[in-house]
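All chains are identified by letter, namely A, B, C and D, in their written order; residue positions are counted from 1 within each chain.
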Amino acid sequence: MSFALDVFSIVANGAGVFFFVAGIVGLLRFPDALTRLHALTKADNLGLGLVVLGLLTRAGSLLGALKLIAIWALVQLAGATAAQLIGRAVRRKGPAV
Amino acid sequence: MSVRLALDIGLALLVFAVAARTIFARGAFEAVVDYVAYGLLLSIVWIRLFAVDVALTEDAIGGGVTGVLLIGAAARLRSAETVAAEETPSGSLRVFAACLCLLVTAVLAGVVLLLPDPGPTLAPQAAEHLAETGLGNPVTAVLIAYRAVDTMLEKVVLVLAVVGVWSLAPDRFWGGAPGEARAARPEPTLAFLAQVLPPLGILVGIHVFWAGANEPGGAFQGGAILAAMWLILMMARLTEAPPVGALWLRLALVAGPAVFLAFGVAGFVMASGFFSYPPGFAKPLILFIEAFMLLTIAVTLPMLVAGPPRREPRP
Amino acid sequence: MTQATLAGLIGAALVGLGLYGLITNPQPLRKNLAFNLIGSGVFLIFGIFARKGAAAGFPADPVPQAMVITGIVVAFAASALAVALVLRLHEETGRATLRPDAWTKPPSDGAGSE
Amino acid sequence: MAGMILFTVAVGLIRVLSGPGDVDRLMAAQLLGTGGIAALLLVAAATGVRGVEDVALGLALLAAFASTAFVTSAAPADTPDPNPADDR
């Protein structure tokens, strides 16, 4: 059982890292600010989400697990808000800002 | 172990690269964003040094109030940048400065490499009396019990800095509020964030403060998080900075050092001397003092960011 | 222990880097950033003292750690005051420069005058 | 694992270095924040240091601050918008 949990943890963490890499590649390769913003939010949500999921299996206590979930939820909130704000700034001033 | 060492070297190079960016970036705004990123990396370095309390301070202050202060300043100073760019010193001075800095770095690096291992330490002394303070976190014990005068004076420095910032106000604005008048309509997205975040932030701030007695955390870190929450309310324009003449504001600013000092003096009567706590009551007293310091920090830091008064006081 | 030494070496490098920025960069805000870099370099060197002083079951000596925490807070207060001074100077003269001869000229004098 | 995230973050930083505009720099800083949180959690799991969750929690709370400060200070309320019609 613990072996299965370990495998799950490693797979989830690996998938999280994959999304971070994907996000960075998007940030580097996409042509304009709005599409780059799109890539950024995916990395934020899925990358950290999967890393947190992987680490949840190792959380020692309920409080620790709740903290991990809270971290993810807060980053979701921050990411979504920042994306909105940046997106609006881009639209207001044009992509060259 | 070798993987970890490689990681550490990578982290070190990263920190250095971002620091170099901060110095050599073209525009001030770029430099400031680099500096914020640098603060984040630094808190990872502190984790690697097993100094979690420091990491918490670095990210609570560096990620919150410092970022807001510097980004705001860079945006205001944008128009002055082109003028200042003409005053870049000559090539020979740069070379001289570079040589000087390399020398300083070399000397410091030599000192670092020549340090004895294990080095001199006060940890056993800190551990010896830890039980008497009733605390589990040695860093908090050092801050509030062993080196209490330092910490009290540091709060005084914070208050003096606020006095300094406020004294930059033009005469006609004295007693007024910092910052611009509230906008007619706050930006909806920002307002949403500023409504959701503070309740959670206050919870986390108080948790960090409370946990600070035994786990990494404490009044500084908790206070900096609370300060950031007040700041986001002001940034979203859901609330305004209070006028600097407000009595409650001034009381809150001096509450921390005043209470701390009062208990320090009371140590003469209740215990063996200045800033000593009566045995058995140390922990409740420390938490009581820390609660007021939390308040002072949570009020001081946003006032430092908000700057001098910029509006005439209401009659 | 190599990690601690490494951190100390970055600290040394950061002090040098910050010093260079402090000397050569003409903008006060950038000087402020550079000064903060020097500060954090010094803090990191404190960090290696703390880590090397690990004893009595603590992973790091708490005394230097507490001093660094105090230092971070004081450094913030100092930067906030410095930033306020620069902003006020800018409001007053339209410039942000440390050259005294530039302060007396009115802001409308324009950028091309020197 | 933490290394790979750190590497990702490093490449992200190159973006910070070469970003064509302030917005890109901000996006890189945002991603760096999230990546930093992930790296922090993984480092904590790998080395078993206590209390790192609280550090990550603090970072997560403040993750939106740089972007917020940029947006609110980019158009200060005391200077009139140069061309208000452009707002929408």
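Going forward, a contact is a pair of C-beta atoms (placed from the backbone, for glycine too) under 8 Å apart; a residue touches a chain by one contact, two chains touch by 3 or more.
As the structure is a prediction and not an experimental result, all values here were calculated from the model.
Find the two chains joined by the most C-beta pairs in contact, please.
B-C
Counting only Cα atoms for the centres, state how far subunit B is from subunit D in Å.
Computed value for the inter-centroid distance: 19 Å.
So, what's the distance in Å between the C-alpha centres of subunit C and subunit B?
13
Taking each chain's centre as the mean position of its Cα atoms, how many Å separate subunit A from subunit C?
Each chain reduced to its C-alpha mean, subunit A and subunit C end up 32 Å apart.
At least two partner chains per residue is the criterion; list those residues in subunit C.
59
Where in subunit D do residues touch two or more of the other chains?
9, 22, 26, 28, 33, 49, 54, 57, 61, 63-64, 68, 70-71, 74
When you check subunit A against every other chain, which residues touch at least two of them?
Those would be 70, 74, 77-78, 81, 85, 88.
What are the touching chain pairs in this one?
Once each pair is checked, the touching ones are A-B, A-D, B-C, B-D.
Quick check: in the complex, which residue numbers of subunit A touch subunit D?
Interface residues on the subunit A side: 10, 13-14, 16-17, 20-21, 23-24, 27-28, 33, 36-37, 40, 43-44, 47-48, 51-52, 55, 58, 64, 67-68, 70-72, 74-75, 77-79, 81-82, 85-86, 88-90, 92, 95-97.
For a test of understanding, state which residues of subunit B touch subunit C in their complex under the given definition.
4-5, 8-9, 12, 15-16, 19-20, 22-23, 28, 31-32, 35, 38, 42, 45-46, 48-51, 53-54, 57-58, 61, 65-66, 69-70, 73-74, 76-77, 79-89, 93-94, 97-98, 100-102, 104-106, 108-109, 111-113, 115-124, 126-128, 138-139, 141-143, 146-147, 150-151, 154, 157-158, 160-161, 164-165, 168, 218, 220, 297, 300-301, 304-305, 307-308
Which residues of subunit B touch subunit A in the complex?
Result: residues 187, 189-190, 192-193, 196-197, 200 of subunit B touch subunit A.
Within their complex, state which residues of subunit D touch subunit A.
1, 4-5, 8-9, 11-12, 14-15, 20-24, 26-28, 30-31, 33-35, 37-38, 41-42, 45, 53-54, 56-57, 60-61, 63-64, 67-68, 70-71, 74-75, 86-87
In the complex of these two chains, what residues of subunit C are touching subunit B?
1-21, 23-27, 29-30, 33-34, 36-37, 40, 43-45, 47-63, 65-70, 72-74, 76-81, 83-88, 90, 94-97, 99, 102, 111, 114
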